[in-house]
Each structure stands twice: as structure tokens, then as C-alpha cells.
Amino acid sequence: MNSLIALVSMGALGLIFGLSLGVAARKFAVEKDPRVDEILEVLPGANCGGCGYPGCSGLADAVVAGNAPADACPVGKAPVAAKVAEIMGVKLDSSAEPKYARVMCLGDRTRAIELFEYHGIRDCRAAQLVGGGSKGCTYGCLGLGSCVSACPFGAMSMGEDGLPKVDDDLCTGCGKCVAACPRGIIGLRSKKDSVNVMCRSHARGPEVKKVCSIGCIGCGICAKNCPEKAITIVDNLAVIDNSKCTRCGICVEKCPAKCIIDYAKIEPALPAGAGCENLASASGGEGSKAAS
Amino acid sequence: MLYCQAARRVRPVSSLGVAYKGVRCMPRGSFRGGIHPPENKSSTSGLPIVAAQQPSKVVVLLNMGTSGALSSMVARGDSVLRGQKIADPVGRMGVPSYSPVSGKVTAIGAARTGLGTLDQAITIEPDGQDTLDESCVPVENVDKLSQAEIVSIIREAGIVGMGGAQFPTHVKLTLPQDARVDTLLINGAECEPYLTADHRLMVERPRDVVRGTQILMKAIGVDRAVIGVEDNKPDAVEALRRAIAEATAGGAVEVAAVRTHYPQGSEKHLIKSVLGREVPPGRLPFHVGVVVNNVGTAVAVADRFDRGLPLIERVVTVTGSGVAKPSNIMMKIGTPAIELIEQCGGFAGDPGKIIFGGPMMGAAVPAADVPTTKGTSGILVLDRAESRSVEPMPCIRCGRCVESCPMRLEPALLHQWCEAKLWNEAEAYHALDCIECGVCSYECPSRRNLVQAIKYAKAEIGARRRAARERGDK
Amino acid sequence: MKQLLVILFSQALVNNYMLARILGTCPFIGVSQQFETATGMSLAVVFVMTMASVITWLVQHFILNPLGMAYLQTVSFILVIAALVQLIEMVIKKNSPGLYRALGIYLPLITTNCAVLGVAIINISSNYNLIESAVSGAAGGLGWGLAIMLFAAIRERQRLAPISQAMQGFPIALVTTGLLAMAFLGFSGFDVARFIGL
Amino acid sequence: MRDTVKLGLILMLICAVSAGSLSYVYGVTSKIIDERKALEVARALAVVLPSAQDFEKLTEEELADVKADARFSGIEEAYRGSADGEVRGVVAKVLTSGYGGKIALLVGVSSDLSVEGLEVLSHSETPGLGGEITKSAFRSQFAGKGSSGPLAVNKDGGEIVAISSATISSRAVVAGVNTVRDLTAALGVAGGAGR
Amino acid sequence: MSSPLQAFTNGIYKENPTFRLLLGMCPTIAASMAVSNGIGMGLAATFVLIGSNLIISLLRSVIPSEIRIPCYIVVIATFVTIVDLVMNAFLPELHAVLGVFVPLIVVNCIILARAEAFASKNGPVASIMDGLGMGLGFTVALIVLSAIREPLATGVILAAADFGFDGIRLFPQRYAMAIVNQPVGGFITLGLAIGAVNLITSKKKSKGSHGAQGGAGK
Amino acid sequence: MADSKLIVTPAPHLRGNIDTPTLMRDVVIALLPACVAGVYFFGVPALISLVSGVVGCVGAELVFEKLSKKPVTIGDWSAVVTGLLVAMVLPPHVPAWIVVLSGVFAIGIVKLLFGGLGYNVFNPALAGRAFATAAWSALATTGYVWPASIEGAAWARGIDAVTSATPLTMLKMGEIGGTSMSRFYMPLFLGNVAGSLGETSALALLIGAVYLLWRTHISLRIPMSYIITVAVVTALYGQDPLFHVLSGGLILGAFFMATDYVTSPINAKGQIIFGIGCGILTSLIRLFGGYPEGVAYSILIMNAAVPMIDRFARPKRFGEVKARA
């Protein structure tokens, strides 16, 4: 008897709430494109803003609204782009290559001189405002790591030599570091575009020589020797047109300043696993979501 | 409220009439916050201004900060005369530049400035003659000129604020239609420690100060001017008073002695001290009916009208522990700092820091050979021991910076936002109101670089605003 | 009236749900990174705890007690709370997007907040009447809200502190909560009745 | 519409199954729980009033009558204990105000108004200070005392040695014991003059 | 990912609900005052987890998403009530100590989280294993914490009132820190324990190499 | 010109002459009179206590920083301040190991875990006391003694000479009371009553406070708003305000602990709100709370509110008032 009462009354409660939830689900349904949530699921959830939208949900909205392309997320790169494209039912131009940050300066402690002793906030952008930065070269890397602290993925670390290093495994090509560098030294390059002039100095040759032993002096030897005519000298600085470059390596060899580098052929020294704890501890909650 | 801290933190009991050597001056005023650092002025405050030696070269910069870029009117190899116009401004805000010497243009190109940047500049090698260009003639009949004419002569003379910011004076003098300005305030506070350039001008050339003041009054059409001087310069107050008594024509010029208290020379605080008016945040002096000019600016105006000279020289105080023989020098603008130091007997010991301006707001320059500018009021050389800076410690939230900030901001928190790169927060905590006076860093027991952080924040906020505006335009 | 005040003070401060009773830790730690979100969460918790107090009181006194089914307390309470929270969420999502943004997004999180079921059970075991239960719920929510708002402000300041890698995030938040609870020990033994009586 | 009904029915089914299974488990466990509780009470009563074997609980009305007296507002439950048909004493659960809150005591007082046994059921005193009231070293002092008048702590001139630095808690226990002592007298159990 | 064995081991270390997922903290703190409490609470939660995971996994295709939460929670509450009743009957002292936290297993974030995240998407066997793993993970965490807290707070370890065992005294009562068994001590111990686990994990992952330190410097 | 490079730093190039270590050392100096008074009244155990506090705190800072390979910061003297204060807020006859462990807790958990000097949320010394009180209540709340010097003093008649209760405990237990307790004023002012090591002598504390005020290290905003609030609230409840101001740790707390920079609001407005908050909480805990004394907990509770106060109590900028007019 007792259990019958229990059965019936609980059943009644269940019925009431089940019905009302059912009614409510219908009556108060909010039209929302389900694709927004789907896209949000596949986006990395780093909320870094590298795409230019306010966080991942911002990008999801924009993609569904047609304001952003399917491969707008620089972090997720091709795999995410493919999934987003699938959700959106569009085709991707698969030629898009992922890009990585490249610090276009080789003026480390041994090669470039310091003009003065700087004491102050250890941040390149702040230092730039004081005496223009301590580097003898007004174009060179200040080595105070604004880029390092700007990277949301811990892909950058400050090397022993006073130049920042990029860990390609972690770099998502979001470009945060590019924007952070007060000297505009960092560029985004795909793996393919591996031959680069690692200097940004527009100073004339003798001026460069005074402050840095590995800066581009604008001598034009590379341009002369390039079989593809891919190199031009613009305002005292050699510029490589990567679309013409065949990575023959002649310029790398000929450059008297040794400031041209083929990234595919050197292994940039990096401390192992730099900065990865950062992410591991931050995403404790997310970990479960991703794993399940 | 309970302002029971030591005297320097006590809100001053103001409005006491102070009698100066028998003559009643303006009520002595002050403002809340601020500090009284050691003045260190005694080594130069009694030294008359001496003429500069002929420099080996002068470097005239073609980028003038607020007043924008200039374009050169001469070419390499040209001969120029002293007072000859050699560059014209590109923008509306700008003023022309004149050659401070007669000689030959040896280079036009990038030169390192005191700020560490590479800027375009004209380098001139003097011929030692100092032949004056014939365009330099005094202005007759000042009384007959209209306001606009006076302003245009001032602009043409290349005059910018000599108080430090080098803000183009003609822009300040061109008031908006609806502005109701009643007072011209001449800033003779010279509150920065060490500096005595303005002090010497007021003592030695008080008549020119008054004359320039009167012309400036005409330019903005007011009949009242007050010269605000810190009360540590009684001789300047006296000299000015005498000059005023002697001057016959012109409107009423008064002298107000104000408390010796840094940053008394900041225009907002001087206005508060002398006139009791507070310039609201984000507003300019003319919103409370005042235009502020430096005494050096007034003298430059007088020089143009009475002697025909455009702005090609200024007084600079060369001083500090690292200089053998500190002096006040009437220098040719563009002279490399090192040559002025050499005129003062060279370095005493191992120089650690060379500062353009005073120790509170001045900029340490990257090298000794950078050129001086129209705004270089002092060259302060500190020896190596004095230049050493202590590693900052963490903020202990002592509140000294908050308590002493004359703008009543919270520098410690601004520094925090800057550290975390939270620029919106920095803006919400009014980073843009900071006058960069340096009081907070001076006071900080943890030796934090508060002003640098705030400057950084201001730069970032500015950049963001500009970017937002551009996006809006698109 | 005085009795209600006594309940208010003791539930909000002396027996603070978070700091003295350890209820509602997960959202307390999870939703306190920002002061604004913590404020939104506080409002939502006050609302849900009040509502849950009232509805479960009704269930207890009009269904469970008369039918002699006190052992179904947990099941029926949680069913009622979960369903109601979900209903309310749907309603405000539709009718008031502004309120939804301020409050609604926190609602689903609250279903699994111990404090909500806790207050319902504690109300019954304290023999509160309907109005007392409502006040108790609101007070519990307010106390929890006060704690999380203080805590969120603290955590915003902590963002800049050089806390060692391993302790960053949850660990330091838990230690902070512990110290906060230690400060709130000052309220222990507080004679609310005598305080109100005056 | 059919979907909605389906929702209701599913939830109803789950609830019903849940209720069904719970009522079964409840049926099994409630017997054990009730028995255990009864046993516990009996055991506790026997501990604090060993001289009695049978305990008769005061009815609701009787208790209400007792509590009408302000002295006895702290009494929660009370039992008359008897052995061989003869009333031997009273056991009562009493609440008293300690340092950190209410202390619940179970006190057995025999008909000559001396304390037979004392248990601390619950308290929120400070561990190490007032918390020591639960220790038998403290409690055992009470046994046999009280026949000559109300008890008191040594500070107040009595013979109960208060726990050092926890006079408040000690006083509270004494007060609780005295209440039961008074109750025993008030119930007319004292002096063996049972009904 | 949902191989049963993996689902099981996951919960114990890699996704330990307390130390890694940071869920179910209220009962963790409340029940870790003594090792015996910890084991009791842990096993109770394990039972509920297994039971609810199993039922929910079985019903996963039947339950419509609109009433997902109420359904899960009723299932969970049922198991919780069963535990509550059984514990009251057979382990009364433990039941008294755990008090309101037994019914509150219902809202233990771990359980609903597993229902949502795992059982509603996986088959019954994997779900049972997941429940078992998670439950044991929770239990392990409770044991670790209580093995720290109990002796610090009382000087005794392994006291179990239900079995009439007074525990092993490690040091005199006089030195015991009562605060460790208060909420204060619970929060701090849990915080430090999670910190320690983080430290160990990060040490394991890579030795040293201090990552990017943010901020504009000092 | 010498060929070493110039130094470039941001302005200002002139810095004031007070730095953090000096400042902390001044606080130590200011605490000395009260320490001396404590040792004078309570004897050698008090001295042992003070030494244990400093050893515990400085030692903990040294060891933890070495262990975590961080720069050692004991040179900034702040751990010494904390060490002295930990001992000063505990009973004078508390076992030394409790003082040491409280110091370790204060520095290790409350300060260093949170990032060290400047980043702690709660006042380390007070947290240390709260910890000791809750951890070893039996030992940490019973070490109070009445200074031997007053035995037989006329005013103390009726007070058990060996009792371990402080005046506030006696008040709480109803042993003393009423609106006029003037017989306590002088002993409380001089310090020959039972109480925590450093809290009993108002005179010695005020000497230290005047030193700090003179050195401009503290302002009167927090102490005054705190003390006045306590006086007003206790008077409103019909108690003797002067007794309340002089007894317990109020003077110590108001001048030396509520003013701790790190854990108090940064601007004037916030500081006054903070002081008033501390005052209300202290009075209420003393009058209605479970503890006889409320200074420590009220400061700790208000410490927790500091970030929120800093958020809402903001100074008016230069010119802001006029802007609205």
C-alpha cells in the first residue's frame, strides 16, 4: 500500500514536471542556429582573439553569419578549418599553409652592441619609450620579451643569447607576438617560405656595421646572385619574394653578413617543452571536456 | 579629514597674504599632494647667464614632436646666415626653424635625438661669424597690430613653449570663439630641482619678461597677467616687481609668490595655486579662463618683437655632480650636449647619466653628443654613483604614491594594470590624466617605475584609440 | 519578525553556507575569476535558493509528510529543484535576454550546487515554517554571494601575484577560501539572538 | 503535442520506478533503523541509570506540563526508571548553554537525588577546552553526588572540579545536571515516594 | 578512448575527479576528516556512480534532451537514497558523522558531470568502468586527504567508531591541530594537495624550463 | 669622457630617501617599546616568545625561498615585523613551539604562497594568531597571566591573582562590568594586566605609534576611524568606551596591524571605510561574539574586503568636483 502511494505520487510529480518542461521547451524555444554551438565545439577554445573576434564564440557567430571564413582560426589551423568547413558545408582552399612566427633579427648579445645601460621596466614596448631602447641598432630586437609574454600559447621563450625563440610545435601563428613587438621584427612565415633575410635594418651599410656584425648592409650581392631574381634591395635592406624563391640556397651562401637563413636547414635551438606547464594547469576543467 | 601626517603631506593652510620685503604679494597658494625634493639649485642660482662658445656644429631637428615634421629649405653645402629660415613646417600646428649660426650645411639626414630615435636633421658647421640674416628686424608699432597679426608673428618666429613640452605657442594663443579668457599666467615657478634657467632670466632680464608678457596679453586680448614664482626665488620676485613698476604701458601685471612645492610649475597646479581654479579632467587651461606660458617663452616673444630674433637660442642650466663647473648658458639651439658640458669644464669623474631637463621629468639621453632642442632647459649630468638605480621591489601598497599624486590618481594600481596589460582598466583608472610629474616614483619606497608604466599605458591607450578611430573611419 | 532577522544573520554570516558549512564549493571556485560574473552568480544563487526553499517546503509539508514518505525527500526535492531551475532558465531566456545574460547562464550551474539542496534539507530539519524557510534560503544565498564577491575581488588582485606555477588557479583559490573561512571564524559563537534582541 | 506527453510519461516512469524501488529499500532498512534506535536509547538509559531496568517515557502531555515551568524549558525528553516495579529514578535529556552553543546531556538521577550517570550527547565546545566535558574523568566526578543539595563547580564553592580554562562549559554541565535533579524532585520521584 | 579499461584507469589518475577535474569538492572536504569517513563516503559515491552511470547509459537513447537533467538527477537521487538508508541502518556512526553530506551526494558535481559527459554517450560496460574508476579516484583522493588531516587534527589515524576502533595514536593529543578538521583546514589541505599533485605532474612532464612569465616586469 | 656606457632610466632620476627595508626596520623600532613592556611585565617567557616568533618567521622565509629557488628576501625586514607581531598577539606564556609554528604558518601559507611581500591578502601575523587559536585552543588561549608586579595592588582586589582571564574575558563572563571601570584605566594604560604579550601597555604602543607617525610611515586615518568607532559603538551599547579602547589588542591592532599596507586599502577614502568596518566588527564580536576579543578577527575579515573596497572607494581626481558643478 505504502509503496503504491509513493509510486503514484512520485509518478505524478514526474508527469507534471515532464509535461511542463516539454511545454516550456516548445513555447520558450529560442531560435538559434545550431551550427554556432557545433562550431564552438570544434574551435580550440583558447579564446586568444588571434582571429580578430572577441573569443571563440565571437568567431563562431561570425562564421555562421557569413562574416568570417571557415579557416579564420589561426590556432586550430587546417584540421579545425576542415571541421568548420564541414559544418558550414563549404569547400576550403586547401593550399592555405599554416604560418609560424619568425624573429627577423640575429643581433644577439655577441653580435649587436648596446648603446647604453637600460634600467627600467623589463618590457620592450616600455623600454622603447625610454631613450628609444638600448640596442645600438634602432631596428633590432631589444630582447626584453614583450613577444614572449604576449604569446598565449607559451610558444616563445627568451633565449640565452637575448633573442626570443619560437617553438614551432606550440606556435599557432596567431600573430599576437607580431603585434606586440614594438620594432616590428616578427613576421609570420609558412614552412615553405623558409629562406628569409633575418634583419629589418634600413640603416645604411656603414651604420649597420657600427652596431651589428650580422645585420643586412644592403650590399646587393644576394640580389645579384639570385638565379630567380627573387631578391630586391629596398631602402638598404634585402627583401625576398618568397613566391619566386626556390630555396636554392645561393643567397644564404653568398651573403657577406650571413644574415640570410634557410629555416628548413637549421634547427633553432629551443629549450624542450618551454612553457607548456602554463597551459596544462590552466585547462584543468577543459581537459575533461576534450577527453570525453 | 585627518591629514595628520608630516608637514609635507598636510593640506596647506592657504590664502595667507605673505608680505615680500614690504610689498604685498598675491595670496600664497598651493595644492594637495606633491613633494618637496632637495632643490640642489644653489650651485647655479647665483651664476649669471654666460654666452655659449661657438659650437663645432649645430643639429636642427626636422621633427618637433607635437608641432610635427618640418621640411628642409636648404640643401647640403648651402651657406646659411644666423636667423635664416631653414625649414618650414609641414602641418598647421608647426612652426618654422631658423639657423642659430651662420655657416655651411654639412648634412641633411638621420641623426640620433635625445629621445633615442633617429630623426631627420640639418647639420650646420658654423663659420664663426654669426652674421645675422637681414630678415631679423624688430617689429615696430606693436600697439597697432591686431591679435591675429601678433600671433602670426609669434608663429613665424618659430616660438614654442620653453617650459619643456615645446607646444607651439601660437596654437595656445589662438583661442576658440567661445573661450572666455581673463588671465594670462606666466609660469616662473621652475619647480624642477637643479634648474635655474628661468630663475636667471627673471633676475637678469625682468624687463624682457614683462615686455613679453604684455605682448602675449595683447595676443589673447586680456588685461590681467600674473607671473607665478616659487617663493624660493625672492630675488626674482623683487626684480620682476621693479620691472613692472618701471614699465609704463600695457595692462596690469602682478607677481604671485607661491609655495615652493613640486610640481608647482605644472600649469594646472599653478592655476590652482595662483587663481584657485581647478582645470577639470581632460580640459585645458582656457576652459577656466587662463592661458599659461613660460617666462622663457615670454622672453622669446620679447626678443622677436624688440630685437628681431626668431627662436634660435635659449638659456640652459648645465649642472649636476658630473659637471666640473656648473653654469647657466645662453646656448645656440641644436648645440650637441657634450660641447656645452665641455664649456663647463667637462665631466667631473665618470658620468653615469645625462639628462635633458630636470631630474623629475627630464629624459636621460642615450649618448653625450645628441643635440639640444628648443625645450632643453637643463643638462643635468649625474656621476656614476648617483646614477645607479635600485632594482624595484614589489609594491607594498603603502599608498605613498596615491597620497602624493598631485592629480589624485592611484599610480600603484595603474602600474598593476600596466603589468597585466589591462589597458581598459588603466584608462578607467584615468591613466590619461597623469601629468608624468614623477612624484609617485619619487615617493615609492619600493623604487617602482610607476611613471614609466603609466607612460606606457598612455601610449597603449592612445594607440588603441587611434586604431579604433581608424576602424570607425573605414 | 525578530526571529526572521535572527535567521537572516545566522544563515548569512555565522553559519555561512560556503565558509562554515562547506556547501557550494565548486561554483564558488569556478565562477569567481571575475568580479562581474561573481555578482551575476550571486544574484542567481539568491534567487534559486529562495525559490528552492519555498517549493521544497511545500513538497515536504503537502506531499511527503501527509503521505508518510519522508524517505523520498532527496529524490523529490532534487527533482523539483532541477525542473524548476530549468523552467525558469527557459522562460527568462525567451522573455528577457538581458536578464538571461546577467543571470540565466549561471542557472544550469546552480542545479548541481550543494548549497541549494543543502538549504532545502536544513530548512526542514530546522523546523522552519514557510516564511522562515524563504528567509533562510535568501539569507543563505546572500551569505554565499557575499563570500563569492569578496573572493572574486581578491582573486582579481591575485592575477598579478607571482604565485608558483603549481599553486596557480584552483590550489591558491582553495587556500584563499580557507583563510577567508578562518577570518569568518570571528563570527562563530556570535549570539545573534541577543544582538537582534537589542 | 505527442512529444510533450512523451516527455511527461518518461519522467513519470522514471520517478515511479525510483519511488517503487526506494519504498522497497525503505521497507527493509527502516525496521533495522528503528530497532537500532530503540536499542540505542535503551542502552543509553541503562548506562546513566543503572539501578533501573524498565523505563517509561513521559508522555507528550506530561512533558508539556513539566516544560511549563521555566526551570525545565531545557528538558527535551524524560523517563521514569524503575526496577522490580519500584521507581528508581529519572533520566532526562536536557539542553544547556555552553561556551560555543547548546550542550545536550543525558542525565540519570536516582530517587535520592544523587547523580547516577551522565552522558554528553552533543556539544559544540572548543576541542581541548570545553570539549573535555565528554571525557569520563570529568563526567565521573558527578556520580553519587547531589543527594545533599545542588551541585556547583569548585570556583563557585562546589565540589565539581571545573576543567581548567573551561569554567563556562563546566558550569553549563553542572547547570544541566541540576535541572534534571530538580526535575526528579518535581516529578515526585525523590525520596522513593513514587506514585 | 572509451575502452573499458581505459575508462577505469582514467578516473584514478589522469582525470582524477578531485585532483585533476576539481569536482565534488564539498564532500571531499567534509568527508576527509578521518580515513574511515573518507572510505565510507568514497565507497558510497562509487556505488552511486556505478549505479547511475549504468542506468543512464542504458536509458541514454530513451531520455529526450529536454528532460535530460531531471531524469539523470532522479536516477542519481534514487541511488543516493538507497545508500543513505543502508548506511543509516548498518553504519550509524558514519551516517551521523557524514550527516547532510550523504543526501548531498546527489549534487556532487562529479556524478552529474559523469552522467552528462560519459554515461550519456557510452555503453553500459564502459560506463560502469568509468563510474568505478571515477568513484575509486574519488575514494583515493579522500583517503589521501584524510590520511593527512586525521592525524594532524587528532594525533590518531584510522579511528573508526562503527567498528569500535579508537585508532592508532601517533602523537599526544596536546599537539594536535584541531583546525585541520575544520572547514579552514579542509580548504587549505585540499589546496596544498592539488598544488602538490600539479608539481609532481609538471615535474614528470618536463624537468624545468621555466615557461613564459607574463607581465611587464617589476 | 670615460668610455663606459651611459645609463638610461625612465624619469624621475631623483628618488626619495625612504625605501622598503628602512620602512620595515622603522616598524620594528616602533614595536620595541611594547616588546620591552611585555618582557618587563611577563618575564623571560615573553622574551623567549618574541625570539621564537622572529626565528619562526625569518627561518620560514629563508627555508621556503631556498626550497623554491626564489631570491631570498629576508633582508627586507618584513618577516621580522611579522615575527615580532606573531609573538605579540599571542599570550605571553604560550609554549614556544606554538609561536614558531604560527610564524611558519604566517609566512609559509599566508605570505609566501600568495607571492610574498606585497601580495598577501590577509595579515600574516593575525592569521598566525587565528591559526594558533583554532589549532591548539587549549594551549593558545590559556597562557594569560597577571603580571606579578600587581599582586596585592589595591585596585585589583577581588580579582584572583592567578586567574588566567584577561579583563575582556572577565567582562564577557560577567565578573566585572558596568559603565564605570575607571579603576582599570591606569593599569590598562601602563600595561600591568593580563593579555597578549604586546597588547597590554597602551603607553608603550603609543610611543611606537608616534614614532611611525613622525616618520610618516602611517597616517591616522585607519587607527583613528577604528578607535573612534569602537568607542562610539560600545558607548551606544552602554559600556565604558575608554575601557574598551584601552583593553584587548585594540591599540596594537589599530596602529600596527590594521595599518599594514599590504592588507589595507590604498587610498584615503578606503582607509577610513576600512577603519570603521574594523571598529564595528570588533565591538560586535566583543559584545555578542563567541570570543572575548575581536580585534584579530575583525581585521582579518576586513582584510578580505580590501580588494572590494579598493574597487569601489576611489579618490576624486584633480578638478573632478568642479567638473560636475
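The letters A, B, C, D, E and F name the chains in turn, as written, and every chain counts its residues from 1.
FYI, a residue touches a chain if its C-beta (ideal position, glycine included) is under 8 Å from a C-beta of that chain, and two chains touch if they have at least 3 such contacts.
None of the values given here were measured: they were computed from a predicted structure.
Counted as hops between touching chains, the shortest connection from chain A to chain D is 1. Relative to chain B, the most remote chain by averaged C-alpha coordinates is D. Here B-F and A-C are compared, and the pair linked by more C-beta contacts is B-F. Rounded to whole angstrom units, the spacing between the C-alpha centres of chain A and chain F is 50. A separation of 35 Å divides the Cα centre of chain D from that of chain E.
The distance from the centre of chain E to the centre of chain F, each centre being the mean of the chain's C-alpha atoms, comes to 40 Å. Spacing of chain C relative to chain F, judged by their CA centroids, is 33 angstrom. In chain C, the residues touching two or more other chains are 30, 69, 71-72, 75, 79, 83, 86, 160, 162, 164-167, 170, 172, 175-176, 179, 182, 185, 188-189. Annotation for chain F: residues 6-10, 109, 115-116, 119, 131, 134, 136-139, 290, 310 touch two or more other chains. Residue positions 22, 66-67, 70, 74, 77-78, 81, 85, 113, 178-179, 182, 184, 188, 198, 202, 211, 214-218 of chain E each touch two or more of the other chains. Within the complex, the chain C residues that touch chain A are 30, 63, 67-69, 72, 75-76, 79-80, 83, 86-87, 90-91, 93-95, 165-166, 168-170. Here chain E touches chain C in the complex through residues 22-27, 29-30, 67, 69-70, 73-74, 76-78, 80-81, 84-85, 100, 103-104, 106-109, 112-113, 179, 182-188, 190-192, 194-196, 198-199, 202, 211, 215, going by the rule given at the top. For chain B in complex with chain A, the residues that touch the partner chain are 110, 112, 115-118, 363-367, 389, 418, 421, 449, 452-453, 455-456, 459-460. Those residues of chain D that touch chain E in the complex are listed here as 3, 6-7, 10-11, 14-15, 18, 21-22, 25-26, 29-30, 32-33, 36, 40, 126-128.
Contact residues on chain A toward chain B in their complex (touch as defined above): 115-116, 119-121, 123, 125-126, 129-134, 138, 149, 203.
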